[in-house]
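The structures come next, written out as structure tokens.
Each of the next two complexes has chain A plus one other chain: chain B in the first, chain C in the second.
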Partner chain A sequence: MSKALIHSRRRSAKPPVAIAALAIVCVLFLLLPLVALVLRAPWGRLAGELAQPEIRSALWLSLRVSLAATFLSLLLGVPLAWILARWDFPGRSFVRGVALLPLVLPPVVGGVALLLVLGRLGLVGGLLEDLFGMRFFGTTAGVVVAETFVALPFLVLIVEAALRALDIRYEDAAATLGAGAWTVFRRVTLPAVLPALGAGAVLAWARALGEFGATITFAGNLPGRTQTIPLAVYVELQRGLDGAIVLSLVLVVISLTVIVAMRDRLVSSL
Partner chain B sequence: MRGPRMLPVLFAMLFALAACGSEESSGEEGGGATEPSRITVFAAASLTDAFGEIGEVFSEDESVEVEFNFLASSDLATQIIEGAPADVFASADQTNMDNVVAEGLATDPVVFVENRLSIAVRQGNPQSIATLEDLENEDLVVALCNEECPAGRYSLEIIEGAGVTVEPDSLEADVRGVLTRVGLGEADAGLVYATDIAADPEVEAVNIPEDVNVIATYPIAPIEGAPQAASDFVEVVLSETGQGILIDYGFQVP
Partner chain C sequence: MSTLEAQLQLTRGTLELDAAIEARAGETVALVGRNGAGKTTLLLALAGLVALERGRVVLDGDVLDDPSAGIHVVTERRRVGLLFQDYLLFQQMSIVENVAFGLKVKGMRKRDALSAAHVWLERMELAPFADQRPSSLSGGQAQRVALARALAADPKLLLLDEPLAAIDAMARAPLRRSLIAHLDQFEGSRIVVTHDPVEAVLLGDRIVVLEDGRVAQTGTAEELRSRPRSPYVADLFGLNLWRGTSREGLVTLESGLELVVPEAPAGQVLVSVSPRAVALHGEHPEGSPRNTWEGIVASVEPDHDVVRVRLEGVVAVTALVTTAAASELGLVRGARAWAAIKATEIVAYPA
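Presenting the complex of A and B:
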């Protein structure tokens, strides 16, 4: 009841003119670029542009690579989130900082840093090439690595928050009833944070899909192999606006779909 | 056709803004009838180092300051046609100079240097690349410029002319990108201007034979309505001193 009261009170408050004006400017600032994109789009030639082999292959590559990066983020991110949420070890805040670093790091810097580690002359890149023939520059694997690097923090952040919010007594109860640590994780913890897992995966996927800086720096740019949609937008810009706008529209539609589909989920998990 | 022109125009506006912001007091517009103390030279990006040095020589001799705008020639031509305040235009290809001349903004351009492409390999040539044919090896990682930049088009011409099949692993947006890939060791080889290789200690050149190579000619001209100092600058570029500096940076004299 008191919640409802607060809610209605909040709604009835009239904002001061200055605040309302700035808020309107803020909305316009965020919205107008999208409106301009829609207005300027070559709607008549949309289908033709989308059918171009380079654009089609960029779309297909983006889809495959971003899903692979999301899978890798889940595989590597969930265990780290669990450890950060459940295990109090020295240096935990340092590890958390490391895990979130790509969030604040400019992606190009991330790409350069990846080159210095996994590049052919990098810390371990040369070894990987000699031993397993693995190379990241100019390969789709390189794109997956770059996208995973920037997408991982979103997953770790959201899943860790959900794990912390989870009442630890459920896990304790399961353990008391004889379940091993692995069984508890699999049968109790994971199902309980499944919604957060979903939200984290979707955010990580969206981030991977939009990745540009780390990808072009670390993996290069080649249609069909490393040229994802954002890279194709960049190359198309050198030729003219139309192709770039069409590809941008595709990304906008995907982003809007993600926001609409996840609106409650995202707000509550963050 | 509005689309492709938008970007260069935006850049031109930015450039104009930056120019007003930093040098309000010394612009040539304010000079009126008196001889200006500053000229603006629009020059192809590949001329950055050489023209920087020529500019210093020129400023010392003539007590006129030179301000440079180094960009891809196509961007520069668009900016000049859109009214950017240029006094001299030095292009890395004939086409973009022709466009400026066709607009009546320059007359009688003179070719002042030539440049050609070479295979860039990492210092020491670890893969022992000696010819264009060596680039057919699929185990080699090859970087090229994309077709939007002149160097990318020249690369394709050379590859086709030589009758070899080169499958690039990455298409970079400009020559510097290709050079960086080779210098970092990510790419084993790339096609760039000979001058770019001369300027980069990380890489060395493998020559492409004259009969299949493409020669890029660089024309220069003062822009219509520019002060006398602009023609003086062109003269210095064509002088023995200017040509000597350009040769030092790996250009060839026509």
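Presenting the complex of A and C:
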């Protein structure tokens, strides 16, 4: 009853002029750059630009690496989200803070910090290289690490919220039916948070795809190995506008697709 | 076969549960009590979802809990089915998958589990809904699916937490009948939590009354009705109950009122009177003046074709009078009236 009243009021009331004007400015501020991008795009030479080897290799690399980072985020993020949602342990807020840190940390700083750990002279980087021959600077693996670092918080944040909202008694019910802890997690908990898992994964993927600062700092800028689309945009920009605009358009199309496909889901799970 | 013997002691929030409960195979025990009396906690403890501090739970000869010996069998190995008040069907599974869940997790092949689940759905007259989602079901259908799901997992003990609470009042009676019929098919023991006395009487072979975490009284409905031992039990059956001291056929209630009860045993007694045995008069009744006192009408509640009148005086008493009598006597809130009880209608028994 009261809910319906609130809704009808929100719909019918007219906003004050000053607020409406600022809101319009806000929309224009967000929209105009995209419009400019579309207007200035070299539509006639689009196919040609996209066919250029360095652009194609950047696209292909970005796709592979961002998917790998998304997979890694799921693999590492879901268990952490589950622990944060279900276990009350000392230092839980600290751990949650750590998990969300990359969200507010400038990516460049993240890249530097990663170097100090996994770089050849870093805390464990030298050891990893000696033992397993793992190297991150200048390698595609390095890009995956950098992108996972910045993408993880989105996944943890959304999946933890979903797990928290879940009625734990469903898990109790499953246990009374003979399901052990792992079966309960797999057959009851995971399916129930699947929408959030999807939303988290898509957001993490979009973040990974656009990653620039941590990647260029930690993994470098080698065409074909570490030069993802955002890095390629930056490089193309030094040479001329067209290549940069084409690559940017690709990212815009992907972003818009994500937003349109996920709009209900993102809003409801955030 | 599947007999439950349990002594449960645990603290949870402000509740201190300290109760013993038994259930024989094929027996339904109705567990009644006010909100917060510990009914649901008791079920959760039997299901192994809440740990005991002390006590012992034995089902069918197997010790499920014995904290002093470090024994606690986890929920999934107990074979204790639990029907939650709001059923908790898995929303992301179809109806038949819900029912098959318990069979699948036991390692049954998917196809066999589904066909066994179909048999359960047939039995519960739910076959047409097999492939639908739980959200499309009515409350009564959801309850039957939850029951089928619990029974399909082959429990030895079935616990039902207010199985009819989520059902519209209008639909409750037929659903209660079908629930009783389905429970009768189940060979293990069952415990039904309810706070509806009608449900307790109809569903339970025996009633256990829980008050503040302790068993206040246990027995058949008839035993409880004839000798309620606490105000709550008396309330459950709508009876008046007083405490008093009896001497030579005269019971002195705690409030000082004296009642003539020729059959009363000597000493501390409980006195119970059916509200139908309480007569109300507009003025002091003539003739035998015994067991009569004056009071003021505190409330008047229509109850089908009679009126339930609460009269407050030296003791408070509830009387059931016909609607006609109520209007004739002018029984409205604040009116004066006299209550009178025949000595032969008063039941007194040792406290």
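As a working rule, the second predicted complex is superposed on the first by the 265 of 270 C-alpha atoms of A that agree within 3 Å, B and C clash if a C-alpha of one lies under 4 Å from a C-alpha of the other, contacts with A are read in each partner's own complex, and residues count from 1 in each chain.
Criterion: a residue touches a chain if its C-beta (ideal position, glycine included) is under 8 Å from a C-beta of that chain, and two chains touch if they have at least 3 such contacts.
What you see is a predicted model; the values in this text were computed from it and never measured.
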item: Contacts of A:178 with chain B and chain C, given as first, second, both or neither; value: second
item: Touched partner set for A:119, first chain B, second chain C, both or neither; value: first
item: Partner chain in contact with A:135 - chain B first, chain C second, else both or neither; value: first
item: Partner chain(s) touched by A:241 [first = chain B, second = chain C, both, neither]; value: first
item: First, second, both or neither for A:221, with chain B first and chain C second; value: first
item: Which of chain B and chain C A:170 touches, first, second, both or neither; value: second
item: Contact footprint of chain A on chain C as seen in their complex; value: 44, 47-49, 74-82, 84, 88, 90-93, 101-102, 105-106, 149-150, 153, 155
item: Of all residues in chain B, those that touch chain A in their complex; value: 2-4, 6-7, 141, 143, 146, 148, 168-173, 181, 184-187
item: Contact footprint of chain B on chain A as seen in their complex; value: 115, 119-121, 135, 137-139, 220-223, 225-226, 234-235, 237-242
item: Residue ranges of chain A in contact with chain C within the complex; value: 167, 169-170, 172-180, 183, 187-188, 191-192, 194
